[in-house]
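Each structure below appears as structure tokens.
In the two assemblies presented below, chain A is common to both, partnered first by chain B and then by chain C.
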Partner chain A sequence: MSELLLAPLALLLLAGLALVSVVADRALLARAAGRRLALAELSPWPDVARLLVQRRRTTTAPDALLWRTGGAGLLVAAALMLAVVPIGDSVIADLPIGIVWFNAMDVLLWAFVWLVGWGAASATALVGGYRYLAQALAYELPLMFALTAPAVAAASLDVREVVAAQGDRWHVVEMPIAFAVFLLCVAAFSLWGPFRAPAGSDLAGGVLAETSGVDRLLLLAGRHALVVAGAAFAVPLFLGGGAGPLLPEWTWQLLKTLAVLLLLVVVRRRLPVLRPERFAEVGWVLLVPLTLLQVLVTSLIVLAEAP
Partner chain B sequence: MNEDVVTTVVFVLLALVAVGFGFLVFRVDSMARATFALAVSFVAVGGILLLLDLDYLGVVVVVMMVMEMAIMAVFMIAYMMNPAGLMPMSMYHDKPRAMSIAVGTFVVLAGGALLVDWPERQGAPPDDVTEQVGLGIMGSHMLVMMGIGAVILSTIVSALVLASARSRYDRLGDDLKARPARDPIRGGVGP
Partner chain C sequence: MGLTDRLARAAVRRPHVLLVPVPGQRPLRWAAEDALDELGWARAASPAEADVLLCCGDPGRDLAEHVEVAWEGMPGPRARAVAATTDEVEPALRAAVRELADVRDQRQDARTRTAARLSAADRGDAAAEPHAEPHDEHAMSPDEPARSPDDAAEMDHDGMDMADAEMAGMDHSMHMDMGMDLPGGLVMADRVEDRDGLRLEGLNLSLGPLLPGWPAGLRLDVLLSGDVITRADVVRLDPRPDPPAPPALLALDALAVLLEATGWSEGALRARRARAAAGSGPATDDLLRRLRRARLLRWSLRGLPAPGGGDLVDHLDRLVAAVRDEPGLPAADDAQLAVDVVGLDLGTAALVVAAHAPLQPALARV
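And then the complex of A and B:
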């Protein structure tokens, strides 16, 4: 495929998959409430239109520059994460350190989400920003170790080499802990499901509290885009990329991405919110040793299979 | 367009961003803006490392600096003389001397880089530049440095243990039998 077409295609896929996650989420909500699925209820477009034309609310003394930067950042980070995900046999940014790149993009979210909380100059939004950082301190190290495991198995930080190293046995078989922790951390950096405390309803919406109009739309869409980017990255890392029988590579990759994405959407409203201060203990006492153990096991497998 | 020209243009842009935002740190009147101006400056430095084909180092600079600045913003706002960081404040004291030292250092270093009679390049850059930089800096001391890394980490952990006001006796009582543990924050894992 032409390299020039790749980036627009990736953005289209990002938008399409984000839309799928929105619609699936709405369908699950309607079903949980016992309502019949009506097309009008599933479609996000009325809400999108409302947010697009809504007049911006503001606070007394916001730091508009930082606020807007943070708000736009979520979507940008999600798009940049996709830049290192191979689509078929080509990739937008052929970086030899794609895994570290993904890590860097999720670290940018620390700054962006905190800036959204800070910029509003409102107490609830600021508390939301601090909650995100507290949560981030707990999930970042487990995420780094979860990313280390497939890199160790492939002896490379290049995403395409990680795909090539898997062959018939997908990484998820030998590193289930890393896979589970990775999905957990995707939910955490996307303020998703049990990790929505920074935007929690107990804080009147936390970092979302004072946002309105197009700013709010960017944040809400950014969350979905981040979940999509995380799901798309899990496939080459743990699920063999495009490997699969009969169907062409890109189909398998899309199907697997959809499966991971739907899993994350289903889990979203089924788990209660974790309080960040409690999750900190879980992260440091449980997840860090578990993921370290996973890296150790992976290294031993690599050594045992070395010729 | 010629690839060298593109590289040069990108380098100049990144260099201007790095220096410009570094300078902005001392011009803006909010802790949050100062912190993140510094973060942008470091991200530009990471970009320059990417231009040098030091992919790993460049991206790691971005990871470390953005994380560090996000946490530093919290502490700067908490501890600076500016309660909650919500009032305007400036980052510098003793302005004339501070400014002349900072600008003077920059001029000396930049002038040195421009005026030194650099040797002509011999041969081609190696395939893995990052590895070569590591070997160039560490060389035969790599093992020693890795040992020191472990020592530093254990020092940090022991310092934290010594500094912590609460011990297991506070949590679990004198005979370590109190259940549930008397944690300031209930829940999580453990007894």
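And then the complex of A and C:
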């Protein structure tokens, strides 16, 4: 496919899948509240319209440049993450180190989310920003090791080669822990579900506390975009890319992305919010050894199967 | 029909409501929460997010000051509603939505706000702004120099909203004269020792009465060292006793507040529905069953102090027992609360307050 078409198509897919995740989320919400599932209920348009119509606001002596940069940064990071995901046969950025690129983009989020919290010059926003850093310190190492496992199995950091190496046996079968930890970390870096303490309502919205109007819309859209980008990346890494019988590759890839996305949406409201200090315990004491063990097992499998 | 009108009508279909619970008006708060659940409207976590400000009853003098600050912190379009009886809640909400959709009125409101501030700024008159001495924590609003009123004529997102200037919580007892001109007239924070002996910035913060799920009229004035509370004072604004209610319903209400504070909004919703169903029936059984199986919830509540001793897991069990009409619900104790939150960070403190507060001294049954 022409490289020129690929970037807009990718962004379109990002938007479309984000929309699907929002609609699915609203459907679950409506069902839990006992309301009927009508179009008026499921449509996210009223929420978007509300934010478009709302005026922006600011605080005493904010750091406006950093604040707004952080706010827009979430969407940018999500789009950049998507750049290394193969779409059909082609990929926007054919990097030999695609997995490292993804990791670098999610590390950028540390800066962006913290800047949103710090730039607002508000106590609650700042505490939200620091909560995000505490959470990030807990999930970053497990995420890195979870990303290492498929790379070891494929002997390459290039995403397309990881897909190719999954020929008959998908990575999720070989390394389920890495898959589970990866999904957990996708939720964590998107401030999703049990990891939304940095934007928690106990802190008047945390990093979202002082934002309104378009700034808020950018942040909320960024969160959804990040979940989509994470789900999209999980497919080539763990679920065999576009492999599958009968249907063309791009259909399978889309279906698998949708499945992972819906899984994340279902988890979103079911679990209580994890306090960052409790999660730090889990991250370091449980997840780091588990993922290291996973990488060890994967390496042993690679050695055992080496010709 | 213009694009603006169409957008405005879509925008008011699901407004976010900032609920102001008033001490002594617990049935009104329940009615308002049930109405919001029914309509499917979200509860705003901060004035920045809110479109509608709903007062559950007539706030007393101290609480009214906070409400004014919150009102000023709401960006337009905004609407205000007061419900004096449980029947008035839904009509008040609908009237507020009509007010929101009125584009001309909202533009007028925006123009008036900015004009008032500009004239106050011109006169150099800081007293023109509603200065609430106990200000709640999310009233950090800007104080920007003169902007043309034409900017405010647009209801769209171009105009920067200048909600009222309210000094950040830092200025209470930090009168360190640095001789330095900090932006916005803020002062440097002083250093205080925290629990590990580090000298971190001390910040006086008022965790205000309008935080979501916070009990009516409760304000927690804390001294933060870093983000750990080193000193706390519990202040009850305009305290008034609530009308009595069956303990099962009070326990369900306490459960709803606690579950909302832990972030399990689905559980909180079920608790509120069980409460609306008068505390018996399938909704209640469903809730209790889910609570029994909620292992992650129990893990996250371990180790936090609860009213009546023990930790929050025990408190959860006591509330579940109270829903089944078994006695043993502890009484609330503000002095104990002030002691319990010391040494906790803001998030855990919010959980502890959520557990302490809906209980009233009248509830104690032994």
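Quick note on the criterion: the second predicted complex is superposed on the first by the 307 of 307 C-alpha atoms of A that agree within 3 Å, B and C clash if a C-alpha of one lies under 4 Å from a C-alpha of the other, contacts with A are read in each partner's own complex, and residues count from 1 in each chain.
By our rule, contacts are C-beta pairs under 8 Å (C-beta built on N, C-alpha and C of every residue); 3 or more make two chains touch, one makes a residue touch a chain.
Worth saying up front: this structure is predicted, and the values here are computed from it rather than measured.
Asks: Touching A:275, do we find chain B (first), chain C (second), both, or neither?
Replies: So A:275 meets both chain B and chain C here.
Asks: Please tell me which partner, chain B or chain C, touches more residues of chain A.
Replies: C
Asks: For A:31 in the superposed arrangement: first (chain B), second (chain C), both or neither?
Replies: Touch status of A:31: no partner.
Asks: Please work out whether A:115 is in contact with chain B alone, chain C alone, both, or neither, and reply first, second, both or neither.
Replies: A:115 contacts chain B only, not chain C.
Asks: Examine A:58 and indicate which partner it touches, taking first as chain B and second as chain C; both and neither are also allowed.
Replies: In the superposition, A:58 touches chain C alone.
Asks: Which of the two partners, first being chain B and second being chain C, lies in contact with A:169: first, second, both, or neither?
Replies: After superposing on A, A:169 lies clear of both chain B and chain C.
Asks: So, does A:124 touch the first partner chain B, the second partner chain C, both, or neither?
Replies: Touch partner of A:124: chain C, not chain B.
Asks: Have a look at where A:100 lands relative to chain B and chain C in the superposition and call it first, second, both or neither.
Replies: First partner only.
Asks: Can you list the residues of chain A that meet both chain B and chain C?
Replies: In chain A, residues 61, 121, 130, 275, 277-278 are touched by chain B and also by chain C.
Asks: Could you pull out which chain A residues touch chain C in their complex?
Replies: Touch residues, chain A against chain C: 30, 32-35, 40-41, 45-47, 49-50, 52-62, 120-124, 127, 130-131, 194, 196-197, 200-205, 208-214, 216, 269-278.
Asks: Which positions of chain C touch chain A when the two form their complex?
Replies: Answer in residue numbers: 7-8, 10-16, 37, 40, 45-46, 48-49, 51, 73, 75-77, 110, 137-138, 140-144, 155-157, 159-163, 165-169, 182-186, 203, 205, 211-213, 224, 227, 259-267, 269-270, 273, 294, 296-297, 299-300, 345-348, 350-351, 354.
Asks: For the complex, give me every residue of chain A touching chain B.
Replies: The touching residues are 61, 63, 65-66, 95-97, 100-101, 103-104, 107-108, 110-111, 114-115, 118, 121, 130, 133, 136-137, 140, 157, 275, 277-282, 285-286.
Asks: Applying the document's contact rule, which stretches of chain B touch chain A when the two form their complex?
Replies: Against chain A, the touching part of chain B is residues 30, 32-33, 36, 39, 55-56, 59-60, 62-63, 66-67, 69-71, 73-74, 86, 185-190.
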